[in-house]
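What follows is a pair of complexes built around chain A, which joins chain B in one and chain C in the other.
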Partner chain A sequence: MKAEVAATEAAAAPVSTAKATLRPWPALAAALFAAVVFLWSAPILWMLLASTRPESFGSLDMARLLPDTIPTTDQFNYAIQDGDWIIWFLNSFILVTGTLIVQLVTISLAGYAFARMEFRGKEILFYVFLFQLMLAPPVLIVPNLTTLVHLGLYDTLIGVMAPYWGSAFGTFLMRQTFRSIPRDFEEAAVIDGASWRQILWLVLLPLARPGIIAFSIVSVVFHWNEYLWPLMVLNSPENMVLTVGLVSFALGAEGASDWGLIAAGTLLVVAPLAVAFVAFQRQFVNSFMSTGIK
Partner chain B sequence: MAPYLLLLPALIFLATFTYWPMAQVVFASAFEGRTIGSATTYVAFGNYLRLLDDEDFLGALWNTILFITWTVIPSMALGFLFALALRRSGWLSNIHRALLFFPTLLPLVAAASLFIFIFLPGVGLLDYYLAKIGVHGINWLGDPDLALWSIMLLTIWKNAGYYMLFFLAGLQSLPEDAEDAALIEGASWWQRQYFVVIPMLGPTFAFVSVIAIITAVVQVDHVIVMTKGGPNNATNLLLFYVYQQAHEFYDIGKATAATVVTLAFLLALSALSLRTMERRVHYES
Partner chain C sequence: MSFIKTFVGAVALTAFAGGATAAERIEFMFPAPVQGKLSREMQRIVKEYNASQDTVEVIGVFTGSYDDTKIKAQAATEAGKPPAVVLMGANFAAELAMSDLIEPISAVAPEGTNLDAFLNEFWPAVRANAKFDGQLYSIPFQNSTPILYYNKEHFAEAGISKAPETWAEWIKAAKKLTKADGERWGLMMPSNYDYNGWLVQALAMSSGGSFYNTSYPGEIYYDHASTKAALKFWRDMAHTHKAMPTGVTDSKAVSTAFFSGKSSMIVLSTGALSFVRNNAKFDYDVAFIPRNVRNSVPIGGASLVSFKGTTPEQKAAAWDFMSYLVSKEVIGGWSRFTGYFSPRKTAYDLPVMQEFVKNNPDALTAVEQLKYAGPWIATYNTVAVRKAVEDEMQALLSDEKLTIDEAAARAQKNANEVLKPYVESTALRF
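And then the complex of A and B:
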């Protein structure tokens, strides 16, 4: 995953000052591009408008992209009454945190071994990890569901989390992060007789913060947004997560052609990540550049 | 012992949820039955032959190839153009980048539920504004000839901004002299991009294409939400087919055989991506 970390570093590098890249845009091209960006944002803009229109708004003009009414929270009120949002939010929250915490433990340990230790079979084991990177877990939904049933984890949040607990991508990211830390830091600790546990915990992990943050953002976004796997694993209403809840909610509202309501529900699901993105835009962008394969 | 103990936790999960299921699925694809394990009739390659006989499967395979081609190429091309346009940072450029990237953060199902409305015949966002320029009566998701293309449109919209990031990173790491030299030699903007920038970004293109291909194969949430593979199987994709066989038709033989085919698909791509990464390492050092 050298390439991915290289991408992160490149993102942090100062902007090129070459003359060839510094030419200002012709006004026409700039205007044209702004129009493209507007077009690109239209679905989001529509979601914001439709979700804040009053309930009485005629469905014939629902598509209009002009802020033609005083914003109300009607749609959100109805949406919240219609779905078990609190349960869904809570479950999604448990899902992403539970996934991330175990991932951080497994990838730090494995990443450390690959970055700093020499042992027999290292190369083969490295490929064992690398291979998983290409086999995205969604493809193995059928056998994995069987495994969960055997393990008694069907219809549990732990069952949704477990397949992601050994993240090859995270292991590579941590390996690269550890390798970018100069060995001098540890050598002093080694001379003082520190064990690998102490070195990892007290020296390396604090210095590996950028890698940990990058992985955390990507992991949270991925699992907050995932649909197919939780849909297959979870069954009882009290275990539902946001994405699965949103679909059942939207299908009900679609039958009633209640598009404002769907927009409001969609916005509820998107809101936490959107707010975090606006607040930590740079972090998000850098983290996603380091992802490659989720 | 220490290194093996450190690798053990991650390896346990890799083994349980990647390698064991792979073996299982290859084994199970030689049997017929309703669930893995209960499948008792040995049919050797029977399930694969049944797949070859199944028009829905062949359709899904073809749709997947179309889907990969026509989402990967346009979204990469757009991502690259966006990156070129937004290469210089500044407040306006940063806002544009954020707006173009934002769809990446949406859950695919949320994007899908927005796009159901966008594609809605008559009153939806597209038809509403197309009507103003005199275009009427396009049934985006209901017309078998159009539905797959509509779904591709959503996918391109969602992913182009993501790929833009990689190209932005690639552009920033380019040495400046080459482009400056070309400028001094009198090369036009197009010539500089075509002869200097694009060749130097070769590794980035290769890397992004691998990510884009894998994304195209493993994401089918929008199919489940928007079309359920229809109309008339026009939007059935490989992974959706697997899901359907396992959970609607309870045909585990076909589901596992189709999984193996999908895995083979991905493995061919992983070989490609391994090569790409090796090349990239050389490129850096």
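And then the complex of A and C:
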């Protein structure tokens, strides 16, 4: 997750600040940005290199950032043999999409209610909602787990998703996004005889696209990378997700660690997100800039 | 409405009918001991067990680190899904028993099982941590001790003929093996949490101490001569003899430094033996932790426990599976695969084990050191008590000006603070 955010910031920084600093010290600014970009990307560069070394460790050059060996795919082969990657990928994919789809429905409805509808206790209810943001998630592990056991959702992917279906952050974000849309659009729709459902679906949601995309990125990245909660809920190997699977490589309780293998496994895990980011980079950056999320 | 009732009834009936014929399902939670390879091997053992009989079906659940395993097992128990078998850090059993979270083994084993005879098949060194308040609460499964790994080629080059046996020899060797400017260190030891406390305990035990009160979990001996000797030895190695890097060193950095020839001696767990054997591309050997006053080390590793709240059927299943895991053949195979020593003494009577030990003399050294091993720190709130001394050890390694007396006194004070509620509700309550 950090790497993703870092990449976003590194990419966003030059776009947003280059204009302002271009005139006085263009060369210096460029050098500064290059240094920052290098700093942010160093761990990823190292990972790429470590995962393609023939030996997992043992050479003094392990910490180098310059390639000094002929790249091989050995580490990836070991990593692939070592885990049920297909199951893990599939489960992680189901987990993030299942979470996101329901979240999008709940946050746009709740966001609309808080932004546009008038009802008693609206303000208080909204602040109570926001209060959810202040709770540290580990506090809720046992109560949430108890609820899941009662509902028969222990050791299921639905159980991992369920607590996230109501998102305070998402509701807040959608409320802000809706409020920033001028009422004129809705009023025009009302004159044409649109119901509130039609207004939401045909007018507000299309205009709220940057907010929806920004939230989706945050949600997908968070749930793709989440470790503790899936570890608590899931038991069966066939329900395992990527992060929990990856940890079986990364842990070395007795002082042993296979750097190359860890690097290869980590690359496999971040690959889908990285590819998606590169493919939709412009849209991502625009969304983040227009919503003010970093 | 009536449709729903019928439906629920039908589902309940099927579930009931299914339960009557199917095998008893239990969960077995285990942390990752060293690498992915090991969790795969563990799943293989579980599969083999499931195939060997049809009354019990075990689901092997990989649960991350030792700490994550504890959190998960505890959370699942509180939520009403207690795991029947959990592989847990060997020194956590006392604390779990104290907080009434796990069953004594006598409640899991069938009535009339002679547990004393059963425990006598295990090495004496591992027995203390398995018991609490005179009762058996855990069954040792994979155990280790700290051991000295050394690079024989570096020793020959420096003209040292044998592994150091006393602290004086140890310091001399470390100084001699060190090359200037951090090109090569004489000795490296992991000082990250957990490993740190374990090694301070090992050094304190070598200095004649017992580190904590083995019969009362409310006392710890930090501001005592033996622990001070441990703190001083480690600190001096870095600051006075300059034979070890200053600051905190992670266990992974220690093994990596050894493999790359950047450190001539390292202290690591015997649990890393297979890992070192497979990856050291030079002539290495292992030796006992050198003695200050005597030879003595704490055990480490993990034991099997059963959480409270399971049904009698699940308990029976848990016992069957635990007995399988600690059977001579399985526990011996696991020991050969991982490098942990087998806590069950009798496993070494098997021809395949004798053959293995003969071919891998380093494994034999690990077993021989057991004669001098004692229990691992297990107090009230062990992790917090241990952290009190770890924080000071780390401070000593980073701050050259900090004195041993100051560090030891502060560790004692902080640990006493942690132990206070227990002490006040036990020894001081009359």
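Quick notes on this one:
The criterion applied here is as follows: the second predicted complex is superposed on the first by the 211 of 294 C-alpha atoms of A that agree within 3 Å, B and C clash if a C-alpha of one lies under 4 Å from a C-alpha of the other, contacts with A are read in each partner's own complex, and residues count from 1 in each chain.
In the analysis below, a contact is a pair of C-beta atoms (placed from the backbone, for glycine too) under 8 Å apart; a residue touches a chain by one contact, two chains touch by 3 or more.
Here the structure is a predicted model, which is why all the values come from computation and not from measurement.
Of the two partner chains placed by superposition, only chain B is touched by A:Y112; chain C is not.
Contacts of A:V247 after superposition on the shared chain: both chain B and chain C are touched. Using the contact criterion defined above for the overlaid structures, shared-chain residue A:L140 touches chain B, although it does not reach chain C.
In the superposed pair of complexes, A:G83 makes contact with chain C only, with no contact to chain B. If you count the residues of chain A touched by chain B and by chain C, you find the higher number for B. Touch criterion not met for A:A194: it reaches neither chain B nor chain C. Of the two partner chains, chain B and chain C are each touched by A:M232. In the superposed model, A:Y154 makes contact with chain C only, not with chain B. Look at A:L261: by the touch rule set out above, it reaches chain C but stays clear of chain B. Shared contact residues of chain A with chain B and chain C: 59-60, 62, 141-142, 145-146, 227-228, 231-232, 247, 254, 259. Those residues of chain B whose C-beta lies close enough to touch chain A in the complex are 2-4, 6-7, 9-14, 16-22, 24-25, 28, 35-37, 85, 87-89, 94, 96-111, 113-118, 120, 123-125, 127-129, 157, 161-162, 165-166, 168-174, 176-177, 179-180, 182-183, 189, 192, 203, 207, 211, 214, 217-221, 224-225, 239, 242-243, 246-247, 252, 255-256, 259, 262-263, 266-267, 269-270, 273-274, 277, 280-281, 284. Chain C makes touch with chain A in their complex at residues 27, 31-37, 39-40, 43, 59-66, 68, 71-72, 75-76, 78-81, 144, 190, 195, 251-252, 254-256, 259-262, 268-269, 271-272, 275, 279, 281.
Contact residues on chain A toward chain B in their complex (touch as defined above): 2-3, 6-8, 10-11, 13, 15-23, 33-34, 37, 40-44, 46-47, 50, 59-65, 105-107, 109-110, 112-114, 117-119, 122, 125, 128-147, 162-168, 171, 196, 221, 224-228, 231-232, 242-243, 246-247, 250, 254, 259, 262-263, 265-266, 269-270, 273-274, 277, 281, 284-285, 288-289, 292-293. Residue ranges of chain A in contact with chain C, taken from their complex: 56-60, 62, 82-83, 141-142, 145-146, 148-149, 154, 227-228, 231-232, 235-237, 240, 244, 247-249, 251-259, 261.
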